[in-house]
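Chain nomenclature is as follows: A, B, C and D, assigned in order of appearance, with residue numbering initiated at 1 for each chain independently.
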Amino acid sequence: MATADNIKELFKLNNIKRQIRIGIIGAGRIGKIHADNLLRLQQAEVVAVSDLFAGPELEEWAVARGIQSIMKDSGAIIANPDIDAVFICASTDTHVPLIKQAALAGKHIFCEKPISMDIRQTEEAVEAARQAGVMLQIGFNRRFDHNFKRIREHVQSGTIGEPHVIKITSRDPNPPHPDYIKVSGGIFMDMMIHDFDMARYVSGSEIEEVYAQGNVLINPVFAEYGDVDTAIVTLKFENGALGVIDNSRQAAYGYDQRMEVFGSKGNVAVANDHPNTAEISTAAGVYKDNPLHFFLERYNEAYIEETQLFIDCILNGKPVPVDGQDGLQAERTALAAKLSMRLKRPVKVSEVLQLAEQYSAFL
Amino acid sequence: MATADNIKELFKLNNIKRQIRIGIIGAGRIGKIHADNLLRLQQAEVVAVSDLFAGPELEEWAVARGIQSIMKDSGAIIANPDIDAVFICASTDTHVPLIKQAALAGKHIFCEKPISMDIRQTEEAVEAARQAGVMLQIGFNRRFDHNFKRIREHVQSGTIGEPHVIKITSRDPNPPHPDYIKVSGGIFMDMMIHDFDMARYVSGSEIEEVYAQGNVLINPVFAEYGDVDTAIVTLKFENGALGVIDNSRQAAYGYDQRMEVFGSKGNVAVANDHPNTAEISTAAGVYKDNPLHFFLERYNEAYIEETQLFIDCILNGKPVPVDGQDGLQAERTALAAKLSMRLKRPVKVSEVLQLAEQYSAFL
Amino acid sequence: MATADNIKELFKLNNIKRQIRIGIIGAGRIGKIHADNLLRLQQAEVVAVSDLFAGPELEEWAVARGIQSIMKDSGAIIANPDIDAVFICASTDTHVPLIKQAALAGKHIFCEKPISMDIRQTEEAVEAARQAGVMLQIGFNRRFDHNFKRIREHVQSGTIGEPHVIKITSRDPNPPHPDYIKVSGGIFMDMMIHDFDMARYVSGSEIEEVYAQGNVLINPVFAEYGDVDTAIVTLKFENGALGVIDNSRQAAYGYDQRMEVFGSKGNVAVANDHPNTAEISTAAGVYKDNPLHFFLERYNEAYIEETQLFIDCILNGKPVPVDGQDGLQAERTALAAKLSMRLKRPVKVSEVLQLAEQYSAFL
Amino acid sequence: MATADNIKELFKLNNIKRQIRIGIIGAGRIGKIHADNLLRLQQAEVVAVSDLFAGPELEEWAVARGIQSIMKDSGAIIANPDIDAVFICASTDTHVPLIKQAALAGKHIFCEKPISMDIRQTEEAVEAARQAGVMLQIGFNRRFDHNFKRIREHVQSGTIGEPHVIKITSRDPNPPHPDYIKVSGGIFMDMMIHDFDMARYVSGSEIEEVYAQGNVLINPVFAEYGDVDTAIVTLKFENGALGVIDNSRQAAYGYDQRMEVFGSKGNVAVANDHPNTAEISTAAGVYKDNPLHFFLERYNEAYIEETQLFIDCILNGKPVPVDGQDGLQAERTALAAKLSMRLKRPVKVSEVLQLAEQYSAFL
């Protein structure tokens, strides 16, 4: 929740020198969100945006925000010596080459999830950033959600003792467009990857093994691309805890994002956020409005906070809150889930590389 | 919730002829509960109680209730031609022989769960009752809980569309005594068996396959008996739905009994029952009292209802609401979970008999 | 919530000698409730019931409960030397003479609220019981409700500090029959009298002054009898706290019974009881079932507890939990509210007798 | 809740011409809030800020926001022909002369509540704006709160039928500084004035009469200034509905802002907003975090929306959502409450002017 004090901070900006100059690569929905959130920050300036489909509409969007440089090719952004950091928001297949180029050019990097769908390549990209000494933050925005942060705080402070069971429910209001499903990497790499990261984040432990089940219950189009629309994955953590994540591509009542951690001393659970607290009682029963519709509404504040922290880390030389290893580990887990569902057996996160090679034909 | 109208019904009893005469075999905690609930019913009379450890204390208990016959041996109950039905509440290992004897004697049978821990024997017992033409009801009391019934009603009426994901959480306030753990049959047969039955009940579909994970996180004594205290089992239903059950033997905040069914048109979820609705707000936060402590409090009304229905079915020749096949199916599923955890792979409910023979050594 | 342990206690009964023999005067809805609740008690026996309209239906009701003596005239109950205590559940206008007669006859008395609508007469009745040395308990059943008891506990234990503001909402699902409205004594004496008693009970302080507003918003029939169907009364307590009660004769969603006490260290609030905890989420929103329908459902346990305590007080010579002074004080407050609404000014509880004489014409 | 789409709108700003040029008079807490919210708007520009205590700190604050003109005297703002509208956020005693001056100078006016504590003067100010043909919006920010708007929507759409009872609870986390209490105008004019406006807003009806009770329960300093810290006011509306507002200057658990409207077809109630939905269950009970701390957090979005709407009304020549008559009516009601508490009788809103003259000595 942005407080008035935050806003004062955010707005200390418009007419004073901004210290970090940003280029945004990929101006789809998420790229534009990041741009808007960066515009709120005193220390950041969005100086250029590239998008393969840049045209009059994007120009207008940029002009309204005082962003002066719009282009189709990301190359000029990476080559621009005045740019300190890039936000990689283009399609997933471009992430690895862009990270490598940006790292070589000495730019700090914020990259959307997943880095790639090929663990080897993701490893190379993460290594490239490491060798170049640039910061690489991955866009796991949910770590900055007010509800999930509160879970983690209670786990870390010991309120609920040692974690025993981690449960995550994540359901979208509507499935993505079939064109997107085709290239999405599947439900585990595209959607549940957030939950794998959250499971690590809230539990404070690594996932050791997964067992995945999935089915096509919403739309047969998922089957056409070898994907599922409904999935449950159980987790075994290194510290002995167990976990379960359930995903659905379509919840009639909107975006459903809940989580709980049960431990030796108690349980902490978070419910959905609703647009208001109104409770209406009539002869028909007691009802309230559905949860906030989708991720833009629910994670609005989280998106703002992740960009603030990225800029802050650059300015103050602090390690980013979600780094390349986090991205890599979530991808490995997603791949393990994919393999588990195909092989119909539990799969260890540590064996994914080997299995991926063995079963590359069907992945 | 017993309404005053119910109570009027319940009490129409004491001085008029009771039509169904009952013998209770095993007067531990649950046997006594059933006796007390039967005493509320106009149409039932508890005429005899047997318990291996019958003594002055049980005599006193019986006298206070006007139960005139107390004995150690269950044989006299089964041989008594005046007794119409028996409640089998003795230890699990006695269930099968008692069912067979009672069936031969033409008594209707209410048997606590599980019937046995050996599927073959359970099958024999169920078959014996079928051949004798007596009613056999299994003590899955949770089917009569006000919350879970409401879930089933909403699933059946189509409010939430086709079920996609069934989720059940069941946590006890305290682990049982080690002596009990030893003979309990393990977490799946002793505790999660209720949840397997509930999964069938609320989903309206059979469980096809399970995958079980478990760990010892609460007390090493469970490991001594080859048992676990924390478990997660994922389910695949015949209708394509997926499910997950998580169990813990110890929740610091008390008895945790929640469930939800997510479907194509929505979700229905039930929370715990609390002893009151008081919400206290102080400088330290907003708090409320913990859930109803344990099964006696939470399922008080459900226990009453299951005995009412059993008597009603006998009187009116209606099929019992939870029959031998229900008992058998829950046991098969529990065994599948046990096998799955040992074999570290998903197990089909249909293959348990064969696997049980193959792996009998370690079961 | 009746626990299984309670039930064991309750049922220790049927075939052993009961110590307290009861006569019930008036077998309408509430008289029957008390009878049924007394039947649950080991130490009580309902030996006679009188009702002006006694007939075959009541006979049948009594036979089913083993109550052997049914009559039209209450005289025989009061004259019966074998009867230890009477429950006065007849119409309000009979309460005072019945209390006087029963007191003279040395019977302990449980009397429904209000004792009468004439303070002087109520005073006489209370005094008669006092002089005769018999117990007189008034039927303010809500004092025994699980939610309201929890409020009082938190006020008494100091959790919320010194009480500053007491708020009570009480709304019925449906207005009473016009025939009843006519003789009800009006909303303050018939309905809000419960809330005046609760205000004293939860605050631990006497009401000093009231200011009442009312209106006819539901049904013009209330106006015909000089009554209102919607009312708000503000309270000033002797300890300086303030309070407010709002009543409505008709809430579309059922019985609405809420309360909160705000104090120097916090707030304790209770919500309604619902028949289950199911929350259904669909495209139309999130809904749950309405509250328990009416007082029989909501206060079922409270009715049981008030009779248990009455019997217990007789057996053990303890002061009753709600005595004649409590009944008197609630009536005085109700009268003060009635006068306040008519006089359009605040009225002190201490001045009601004088004002009642002065304005007797319109009361 | 600011959605990402809103933010895009909000930020279309920084480098394009702003159409409405604003001067802010009074740069205390609330003046600064408005400035920051105006900075988010594309169509508005804050060009000057005046404050009696302007100094280096305010200069720094202004520089960080690109506000170029800072002064002590508000005269230069009103005289500035480039300024289209003023926000009057100085102390209440300055409001009337400033409104008159600004109106004469043809500026649109946003004025904080109350306009003044003298109804005659407020009338003059409102009339001055009317005659000058400038817009005058009053700062009743709560009308734009997501919860309260939802109540009004349900009342207006008829979901709950005809309103019968309106209930508002408003409690501050801490009392104001004694220096402020002295000049605050008292609890009714300073604090409950918001609730009087809300009562009109959500009910859609005028308040006809009030009866006020108050006491000093928190801090004797209130008594020193003839004020109270705890108050309950009952309301009679022109449409026959009844209402009640309770205020406290200090709630241990933070800012408590709740409301409900009960009507012929149902009830709509809103609860507090909390910083997260986390529910923690331990052996000590179930708890959650306290509500959002105070008005800056709770009404953050409402403050943003009221300035957006003001600018929008100016740009599009639409009537402002809260006008001078709204300000006046709330003040009349507050005065009626003050008189009622002093005179110990209900007071009609229509008689306040006459009574105020009659009792001017003690007001």
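Simple rule for what comes next: contacts are C-beta pairs under 8 Å (C-beta built on N, C-alpha and C of every residue); 3 or more make two chains touch, one makes a residue touch a chain.
As the structure is a computational prediction, the values presented were derived from the model and not from experiment.
Novice: Count the touching C-beta pairs: is C-D or A-C ahead?
Specialist: Answer to which pair has more contacts is C-D.
Novice: Please identify which chain has its centre, taken as the mean of its CA atoms, farthest from the centre of subunit C.
Specialist: Max centre-to-centre separation from subunit C belongs to A.
Novice: Where the centres are mean C-alpha positions, what is the separation of subunit A from subunit D, in Å?
Specialist: 40
Novice: Could you work out how far the Cα centre of subunit A sits from that of subunit C, in whole Å?
Specialist: Between these chains, centre-to-centre, one finds 58 Å.
Novice: Subunit C to subunit D: how many Å between their CA centres?
Specialist: Computed from C-alpha means, the inter-chain centre distance equals 43 Å.
Novice: Return the residues of subunit A touching two or more other chains; collapse runs of consecutive numbers into ranges.
Specialist: 251-253, 256, 265-267, 281-283, 289
Novice: Mind pulling up the subunit A residues that touch subunit B in the complex?
Specialist: Listed in rising order, the residues are 161-162, 164-165, 167, 169, 171, 211, 213-215, 217-218, 230-232, 234, 236, 240-244, 246, 248, 250-253, 256, 262, 264-267, 344-346.
Novice: Under the definition above, what is the set of subunit B residues touching subunit D in their complex?
Specialist: 251-253, 256, 281-290
Novice: Residue numbers of subunit D touching subunit A in their complex, please.
Specialist: 1-5, 7-8, 11-16, 32-33, 36-37, 39-40, 42, 63-66, 146-147, 149-151, 154, 159-160, 265-273, 275-283, 289, 292, 296-297, 300, 303
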